[in-house]
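In what follows, structures are represented as C-alpha cells.
You will see chain A twice below: alongside chain B first, and alongside chain C after that.
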Partner chain A sequence: MIQVLFVVLFGAVAIWFAYKVFTTASMMRSALALLFSMTAVGAMFLALQAEFLGVLQIMMMASEMVVMALFMIMYMMNPGGLAAMEMTHQKRLSIAVAVVAGLLAVGAALFGGWPLATEAVAAPAGQTRELGLEIMERSMLVFETAGVTILVAMIATTALAIRRPA
Partner chain B sequence: MTLVAYLLLVFVGAYVVAVVEEWSTSGRLRPTAPLLHGLALLARESLTPRRHDRNLFEAGPTLLLVAAVLALVALPLAPGLLPVELATGALWLNAALVYVAVALLMAGWGPDGAYAMVGGFRFVGQFIGYAMLIVMPVTAVAMRAESLATIAVVESQAPLWNVLAQPLGFVLFLVAAMAVCFLPPFDQPVAAAELAGGVFGEYTGVRLVVVRLGRLVLVLTLALSVTVLFLGGWLGPWLPPAVWSLLKTLAVVLVMLSVGRYLPRLRTDWALEWGWKLGIPLALVNILWVGVVLLVGPA
Partner chain C sequence: MSVLVVSLIVAAVLFAIGLYGALSQTNLVMIMMGVELMLAGAMLNVVAFWRYLHPEAYSGQMFVLVLMTVMALEMAVGFGVATARFRSRGSVEMEEAVELRG
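Right after this comes the complex of A and B.
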C-alpha cells in the first residue's frame, strides 16, 4: 500500500516537472525541470525496489542534464540563459502528437495484459550481480557495439570540431 | 537511536570542520568563532536580489545541504553506525554528489546577477573536469571489495588499506574531492577576490547560514568518504571503531583545507584539461592495476 502510494507520488512529481519543461520561458528552468522529472522517475524505480536502476537513473540524469544545460546555453545567443526565451514551436502539431502518444501509452498500460515478470523481487545486491552477469554474458555484444559506436561518434565529432589551418 | 547518534556526530563533525577552516585561513584556533558567526548571521538582514528566480534562489543552498547529507548517510562510521545500508552505497555516493553541481548551478543562476551566474557555470565546467575522477577510483575500490556496499568496502581493506593497495586512485579521489567542495585551489566558482563571492555572492543573513552549513557538511562528507574508501574506515587497534573513523576523517579534513592554501588557484580550463588529459588516463591505469592485482595476486 505504502509502496503504491510512493510510486504514484513520484509519478505525479515526474509528470508535473515534465509539464513545467514546456510552460517556462527559460532554457535553464526548462533543463532543471527536465532534470527533476528524470530524478522523480529514478525515485519511482527505488520505490519499485529496483535499487541499482534507480540510483543509476538519479546519477546519470543529473549529470547529463547539467551538462546539457551548459551546452544549450553556450550555443545560444542568450548570455548565461538569463533572458526569457520561448521554449516551444509548432505547438498544435506537437500537442496533437503528445496527446495521441499519451493515449497509446495509457492504452498499452491498461490493456497490455502484462505478464508477471518475476515471482519475487531479488535482494538489491543480487539484482546488481544479475545485471552484471547479463551485461558480461548474454548481452555483451549489444553493449559492446553500442559502446564502440558512441566512442566512434565522439572521436568523429572531436575531429570535425578541430580547427585546421586553411 | 543509531540515527540520532549518527546525526549528533555529524553535527559535531561539521562544527569541527568550521573551526579547522577558520584555523587554516587565519592561523587562530577559536572554538567559539563558528557559533558566534552563525548567530551574528542569523540576526542580520537577508537581502534578496531585485529580479531573482525565487524557486531556484531559495532551493539552491537547500539542495547543497540535502545533497551533502544524502551522500553522507551511505557512509558508515562503525559497523553498526550506518543510517541507510544500501547494497549500492558506493554508487549512491556518486549519485548524491552530482546534485552538488545542480545546487551550485541553481544558486548561480537564481539571483539573476552576472557574478553569481559566471560562478555557477564555472562550477559546472569544473564538474565536467572532476566527475570521472570521482567515479573511476570508486570503481576500482568496488572492484577490490567485489561489492558496492560501503560496509563491504571497509571490510575488504582489513589486510591492506586501499591507500596502499591503490595509491594512484587515492590521490585522484582526494584531488577530485577538493574540487567537489570548491576548496582552494579549485575555488574559482566562489572566487572572492574576482567575482565578489561568485555563486553565493548574493546570499546574506539566514540564507548564507544554510550555504555555509551545506559547505561544511559537504567537506565532512568528502573527508569521510576518503576515509571509508581508502583509509580503512573504522579499522584500527585499541580505540573504538567510531573514534578511528572520526580521527581519520579529521586528518583528511586538515589535509583538504590546508594543502590548497599553498597552491595557486587553478583556472577552470586548466582544471578541465588536466582532469581529462592527465586524470582520466591515470584513473584507467589505476583500474587496470587493481584488476591485474586481483587476478594474479593472492586469493
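Right after this comes the complex of A and C.
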C-alpha cells in the first residue's frame, strides 16, 4: 500500500514537472523542471525496489542537467535564459500526435493482461551483485558495445564541435 | 489497479509529453529535452516490467543501463551539433536549419 502511494506521488511529481518543461516561460526554468522530473523518475525506481538504478538515475541526471543548464546559458539569445520567449511550431499537430501516442500506450497498459510475478525481489546488495554478474557474464558483449559506443561518440562530438579554419 | 499499471501509465504520459516537446519545439536544446523525457518514459517501463514480470532476470536492469548510456550519448552528440551550429550560424533555432531541405 505504501509502495503504491509513493509510486503515485513520485509519478505525479514527474508528470507535473515534465509538463512544466514545455510550459514555463524560460529555458533555464525548463532545465530545472526537467531535473526535478528526472529525479522523480529516479525516486520511482527506488519505490519500485530498483535501488541501484534509482541512485544512479538521480546522480546522473543531477550532473546532466547542470551541463544542460550551462549550455543553455551559452547558446541563448538572452544571457541567463530567464526572459520569456515563444519557441514552438506546428503546435496542434504535435498535441494531436502526443495525445494519440499517449492514449495508445495507456490503453496497452490498462488492457495488457500482464501476468504478474509473485516472487519477491532480492535485497539491494544482492541486486547489485546480480547486476554485476550479469554485466560480466551474459551481457558482457552488450556492456562492452555500450562502452565502445561512448568512446566513438566522444571522439565524434569533439570532432564536430572543434573550431575549423575558415 | 496494480503498481505495474500505475507505472506504465506514468511512463506513457511522460513519453507523450516528450513527444509533444520533440515535435513542437524549435530550439535544439528544447528538442533534446523532449527526447530525454521520452527515454525516461521508456526506462520507467523497463524497470516496472523487470520488477513485476521478471524480477529474477537482471538483463532487464542491464537494459536500463544501456538506456542511460543512450541518454548520455544523445545529450553529448546533441550538444556537439549545437556547438557546430552555433559556430557556423550563431543560433540553435531549428526553424533556420533548412539547408538540408530537398
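Keep in mind that, in the parts below, the second predicted complex is superposed on the first by the 157 of 166 C-alpha atoms of A that agree within 3 Å, B and C clash if a C-alpha of one lies under 4 Å from a C-alpha of the other, contacts with A are read in each partner's own complex, and residues count from 1 in each chain.
The rule is simple: contacts are C-beta pairs under 8 Å (C-beta built on N, C-alpha and C of every residue); 3 or more make two chains touch, one makes a residue touch a chain.
Keep in mind that what you see is a predicted model, and the values were worked out from it rather than measured.
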* Check whether chain B or chain C contacts more residues of chain A in the superposed model. => C
* Based on the superposed arrangement, let me know which partner A:66 touches: chain B (first), chain C (second), both, or neither? => first
* Scan A:56 for contacts with chain B and chain C and give back first, second, both or neither. => both
* To do: For A:93, decide between first (touching chain B), second (touching chain C), both and neither.
  => second
* Asked: Given the touch rule stated above, what does A:150 touch, chain B (first), chain C (second), both, or neither?
  -> second
* Overlap of chain C and chain B interfaces on chain A (superposed complexes) -> 52, 56, 67, 127
* **Footprint of chain A on chain C - complex, ascending** => 2-21, 23-27, 29-30, 32-34, 36-37, 40, 43-44, 47-48, 50-56, 58-59, 61-62, 64-66, 68-69, 71-73, 75-77, 79-84, 86-87, 91-93, 95
* For the chain A and chain B complex, residues of the former touching the latter -> 28-29, 32, 35, 51-52, 55-56, 58-59, 62-63, 65-67, 69-70, 73, 80-82, 123-125, 127-128
* **List of chain B residues in touch with chain A within their complex** => 53, 56, 86-88, 91-92, 94-95, 98-99, 101-102, 105-106, 109, 112, 114, 117-118, 121, 124-125, 127-128, 131, 147-149
* Asked: What part of chain A is in contact with chain C in the complex they form?
  -> 3-4, 7-8, 11, 14-15, 18-19, 21-22, 27, 30-31, 34, 37-38, 41, 44-45, 48-50, 52-53, 56-57, 60, 64, 67-68, 71-72, 74-75, 77, 87-91, 93-95, 97-99, 101-102, 105-106, 108-110, 112, 114-117, 119-122, 127, 130-131, 133-135, 138-139, 142-143, 146, 149-150, 153-154, 156-158, 160-161, 163
